[in-house]
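Input: structures, listed below.
First subunit A sits with subunit B, and in the next complex the same chain sits with subunit C.
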Partner chain A sequence: MTLEPSRPEAPQRLRLLSSALLAALVLSSCAAAGSNSGSDPGREFADFGEVLEEADGQTVDLWMYGGDEQGNAYVDETLVPAAEEFGVTLRRVPVANTPDALNRVLNELQAGREDGSVDLVWVNGANFSTGRQAEAWRCNWTGLLPNMAYTDPNDPLLTTDFGTPVDGCEAAWHNAQFTYFYNSETLPEPPTSLEGILDWAEANPGRFTYPAPPDFTGSVFLREVMLSTAGGADEVPLTYSEEAFDNHAPAALDALSDLAPSLWREGNTYPRDEQALNSLFADGEVDIAMTYGPARLTELVASGALPDSTKVLTLDEGSVGNASFLAIPVNAADAAGAMTVANLALSPEQQSAKADPGVWGQFTVLDMDRLDSDQQSLFTQLPESPVVPSYEELSRNAHAELGADWVTELDDAWRRSVATAP
Partner chain B sequence: MSERLPERASRRALLMAAPAVLPVIVVLAGALFAGLLQSLGLMPFTGEPQLSFDAWTTGSGEILQAAGISLYIAAASTTLSVVMGFMIAAYILAMPISGRVIAGLSAATIPIPHLIAAGTFGLLLSDAGFLARVLGMPEEFPTFVGGPWWGAAILEYGWKESAFVALVVVGSISRRVGDLCDAASTLGASPRQRILNVVLPLALPSLGISAIIVFVYTLGSYEAVWLLGPISPEPLPVRAVRLFGSVDLAARPDAMATALASVAVGVVAILAGLLVLRRFKGLR
Partner chain C sequence: MHLGFGVLLGAWIVLPLIPLMLWFVAGQWRAPDILPGTYSAQGLIELFSPQIQSATATSAALGTSVALVATPLGLLAALAIRRLPRTHSRFVEVVLLTPLAIPPFALVMGANVLLLRIYTPSFSAVVLVLAVAALPYTTFMFRSALASYDDRFEEVARTLGANARQTLAHVRLPLLAAATARAAFLAFLVGWGDYIATLLIGGGQLRTLPLILGSAAAGSGNEQLTAALSLAVIGPPLVLLAALSAPRLRERIRR
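Showing the complex of A and B:
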């Protein structure tokens, strides 16, 4: 343990320092030599023909949340083969959280890498707005996509994303509706409003909880509680301001702090994410759970991951809805291939295949009035889910997402007040 | 080992180690320097670099609290690992045949990734987990997972690191300990006396070194405390990773300040540990 080589003399130390610098230079030049993409990442395209031409032979890395097995299967088994017909090799890169993908892009940008390893990201909300703030997304490209013609250009879900203008910086992929579900065996008569859910939770200690923000699902629940305590979605301005926050956030945080002792584990801790909440629900520890991906419920019940008695709970006041998108980082090495995939993902064939509850069950972003009858029949002949009601029913009285700044501020306030309360 | 090597040999040793050591130093120093710049707002994603100590000052309360929690987890895990590790080592040395089985099991524990081990402990120890069901006591079962004392995380560390400690101890003393134990038993020492008066003193240096390694590892380790600990409050690594992955770009300096704080605590722990070891050697 005492093997201690004698210290080098001063000149030798200098020599060591210079060789260290040399090593650093060699290392960094290796990194630069690693770039071997044939195309110019920043290239602008005049029309979609040019995009297709350049896309042929490209390999597109689609970074997406990997915790949804049906989503993974849809991409691998349906979208990948379809992309191959355009000469595009689509690779799915699973991430635990979308911020991981965004962080990769930001780190590569900060390091000055121009042939980014991320070509396409499944994104929306705060991740999109943060990326825009850092100018990390390629913009004004969705106008090139022929299949954008099937969407309604005035659909508010598709023109703004959590209050951030989309501005052609991301192409719509699917619609989602925040949904509660309950165990009809242990809870035969569920409440019908969010206020009712909170009252019920207080009256039934230990039978309810929600994922801890900043988890995506828990964060949505927190905003829904704020809209509920404010007296409805119309009461809270979509754009964040300190004044609006001071007006509305304290009531929600107080309500959740007051509720905490009645939650699972007396609110001393919270499930980490939606999966953790689902396993509490499946183990019969809680009676109500929630998700922003109601599409998955069909498969979760069919596979036995959730009990057969799982039923969807639609609230009188409706719930929040959003769209999610595919965005291309500004330094993507294979941007043309990424655009080809985004266009393909918007085709009626792909959108209807994805809407099949047996495949993924994601609600389409296409406007039915813009499809011809053959294309419409692709959607009308889809089987119905035994668990999840139609999008029309789920999205009744739906309201829009609050601006992205609300998300981080509320999450932070929750951590400081509700989570750390004694 | 303590004799001084001739000048030339030491120079050659230094040169031979250089290809391995230099990249490590360059990368480490570069990363720490970049982290420091980011924590001071000098490497922002957007806008002009502006020197700011906000991440260090406004976050200091939370960083201190997180450091306290990390120190608690590391101290508890290290104590558990060292005590259990020494007991395993003593058993391996005392029992020629069944000890070999235990040694094999301990060695098999080491390549299991901490994340897998943490997931397994979660399934085993959670409220409605395997153990609670087997024992048929979901109501009274203690809250190891997500509980206020990081019980499941400390047990996970204790399980994996005690095997590490045991193998280090066995490897370093197995040659010498046999003869000495034989001598002691001929002189009439009981098994208990042999363990406490022969094996333990011999094992102390390797126990000390492996304790420092375990302490610093558990101080900076992320997976087990993240997966098995409560949501709040959080230890240093969990806070650093959460802030680093935040969608709020302004949180990056806070993440770097937290990460650097954990580096600082780790360095202090290593230095303190080495100091104690050196003093202890002097006493001997």
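Showing the complex of A and C:
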């Protein structure tokens, strides 16, 4: 039984409570304010001296994929202290997916905010091209960086990013090479071409699979199969067209549909990503796996996450390579600081430290011919990885990434024809 | 019969935690081994790294702030609903429940542009959005407490000469204390375990445990760290829950 609830003192009490709430909110606002040190984000700089001057005292938020412990450690222990010497405080913001960073930037732009909280993003491929379409990246700034002189201006890996022209909208950071690896204990004589891998998989049911596109790694594998069934990377135009798709995609999709019954679990299911494929490989369920981040293999084997018998498989026809970059959002509050960090990241000292397999093992984007002998020796004296061959060997016969439109079209077609096949 | 269901329910909750505990101490663990091949204390060491400690503090601050905002608001909402005629109160209840029906991502994306436009500082913005997400829980905690609340206790106190403040302090608050603790605990959990609002609305300024956990879980070979972080996320709320239920358990035993 409830009694008449209205009491005269109640409204007063409500008012008291609401003002207490308001006070709590105001207090928490004060505690959080004052983290943006930037000024005039749209400012153009005449030379790098101006950049350095403005950068002094700025805090740069670098948003990057945080699932790579070695990468996190490199940034925290090597890049952050080096940035401090320029008066730049570098903060690493770990994200599970790079699109989270882009979403934040697009939200800020939509709200008309010019004091953006994202200063630097580790990016390439689809995220870069999406950002370019939305005009979310600051452009024409990499020419200011003195250390760009160490890179080859005609290096195709650095001038286009998955078919999207770079146009000074991002500064190169690492090179990567799509790499297959195998368990030398269970597979003493591995195939030496992609066609060979598919034949071997058919002859050894259940010992091979690939992540389901549109997973990043699975999607690369799908494109590699298309280039292979087309008779080589030169046969397929980099720019997407319906005609080119109709010419080349069906053969690849047919090959993968035919292969499906011989895959792990008869192709009824696929690993969801590279990580899941790695566990299958580590657990001895499959004999071959693949990655776009061969840099990590050394550490994964050393830590026991992958077996000691893991070996890299270099294919006769080569594999696809790409570069990844650091991009600055157009509304970054600390753009000068971000440029300072991007320049620093391109220095021979940082590039060689990062290339050490014990540190991160990421391949350099610098052109050795443009370095003096002291700088070259920084790279030649690096320890060799017991697992991963040199970049020269890994990137032999390498080809470039297809345009970003290819990626979505192929992924869709795979889902329609291969994933749903009986 | 009851006991059987109890055991099943207990197993359903505890079983998934067992592999987590094992990964926490496992150096190397490969299928088809049932137990880890080697053990290591690396996970324990990671738990005490400055990064995880500061993330724990940030998570605790976020959870507490959400509880501080959402608990009194929930009480106010429950009091208001109680006062409304039944037809109106139903409508208000539905409105208060909607945050549960909207996917968090949609809520976050929608609110983010507005919050950015009015220059809300990141910490307050996250607290505001999460308080909305926590409001259904706190409101309904107080709703159910007030349903069995007898106003005559207050009237007796007033008849005996207590003034309004004394009635509030000695009758109403003690009677609602258990509900307040439960509501605050649920609101705390909303802030403590959130990922998407912390990331997108916080704009990378807040590094909480779930944020570090999410990015660690996205990579190969991080099983031990991921397990350590998961335990760091699960542990403190369990301790809180135990602290909340301990006095009542003791009371029950005394009776």
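In this text, the second predicted complex is superposed on the first by the 384 of 422 C-alpha atoms of A that agree within 3 Å, B and C clash if a C-alpha of one lies under 4 Å from a C-alpha of the other, contacts with A are read in each partner's own complex, and residues count from 1 in each chain.
Here, a contact is a pair of C-beta atoms (placed from the backbone, for glycine too) under 8 Å apart; a residue touches a chain by one contact, two chains touch by 3 or more.
All of these numbers come straight from a predicted model, not from anything done at the bench.
Chemist: Given the touch rule stated above, what does A:V118 touch, subunit B (first), subunit C (second), both, or neither?
Modeler: Once the two structures are laid over each other on A, A:V118 reaches subunit C alone.
Chemist: Tell me the contact category for A:N103 with respect to subunit B and subunit C: first, second, both or neither.
Modeler: It touches subunit B and subunit C both.
Chemist: Which partner does A:E285 contact after superposing on A: first (subunit B), second (subunit C), both, neither?
Modeler: So A:E285 meets both subunit B and subunit C here.
Chemist: For A:E401, using the defined touch cut-off, is the partner it touches subunit B, subunit C, both, or neither? Pick first, second, both or neither.
Modeler: A:E401 sits against neither subunit B nor subunit C.
Chemist: For A:D334, using the defined touch cut-off, is the partner it touches subunit B, subunit C, both, or neither? Pick first, second, both or neither.
Modeler: Neither: A:D334 stays clear of subunit B and subunit C.
Chemist: Regarding the shared-chain residue A:D161, is it in contact with subunit B (first), subunit C (second), both, or neither?
Modeler: Neither partner.
Chemist: Which of the two partners, first being subunit B and second being subunit C, lies in contact with A:T269: first, second, both, or neither?
Modeler: In the superposition, A:T269 contacts subunit B only.
Chemist: Of the partners subunit B and subunit C, which touch A:T130 in the superposed model: first, second, both, neither?
Modeler: first
Chemist: Which of the two, subunit B or subunit C, is in touch with more residues of subunit A?
Modeler: Of subunit B and subunit C, more residues of subunit A lie in contact with C.
Chemist: Where on subunit A do the contacts from subunit B and from subunit C line up?
Modeler: In subunit A, positions 1-3, 5-6, 20, 24, 97, 100, 103, 110, 283-285 sit in both the subunit B and subunit C interfaces.
Chemist: Under the stated contact criterion, what part of subunit A meets subunit C in this complex?
Modeler: 1-3, 5-6, 9-10, 13-14, 17-18, 20-21, 24-25, 28-29, 31-33, 35, 61, 63, 65-69, 91, 93-97, 100-101, 103-104, 107-108, 110-113, 117-118, 274-275, 278-279, 282-285, 296, 299-300, 303-307
Chemist: Would you tell me which residues of subunit C are touching subunit A in their complex?
Modeler: It comes out as residues 27-28, 30-32, 38, 65, 68-69, 72-73, 75-76, 79, 82-83, 109, 112-114, 116-117, 119-124, 127-128, 150-152, 155, 164, 168, 199-200, 203-205, 207, 211-212, 214-223, 225.
Chemist: Per the contact definition, I'd like the list of subunit B residues that touch subunit A in the complex.
Modeler: It is residues 1-2, 4-5, 7, 10-11, 13-14, 18, 22-23, 25-26, 30, 43, 45-46, 127-128, 143, 146-148, 205, 209, 227, 230-233, 242, 244-249 of subunit B that touch subunit A.
Chemist: Which subunit A residues qualify as touching subunit B in the complex?
Modeler: 1-3, 5-6, 8, 12, 16, 19-20, 23-24, 27, 97, 99-100, 102-103, 106, 109-110, 126-127, 129-130, 133-135, 212, 214, 265, 268-270, 272, 280, 283-285, 404, 407-408, 412, 415, 419-420
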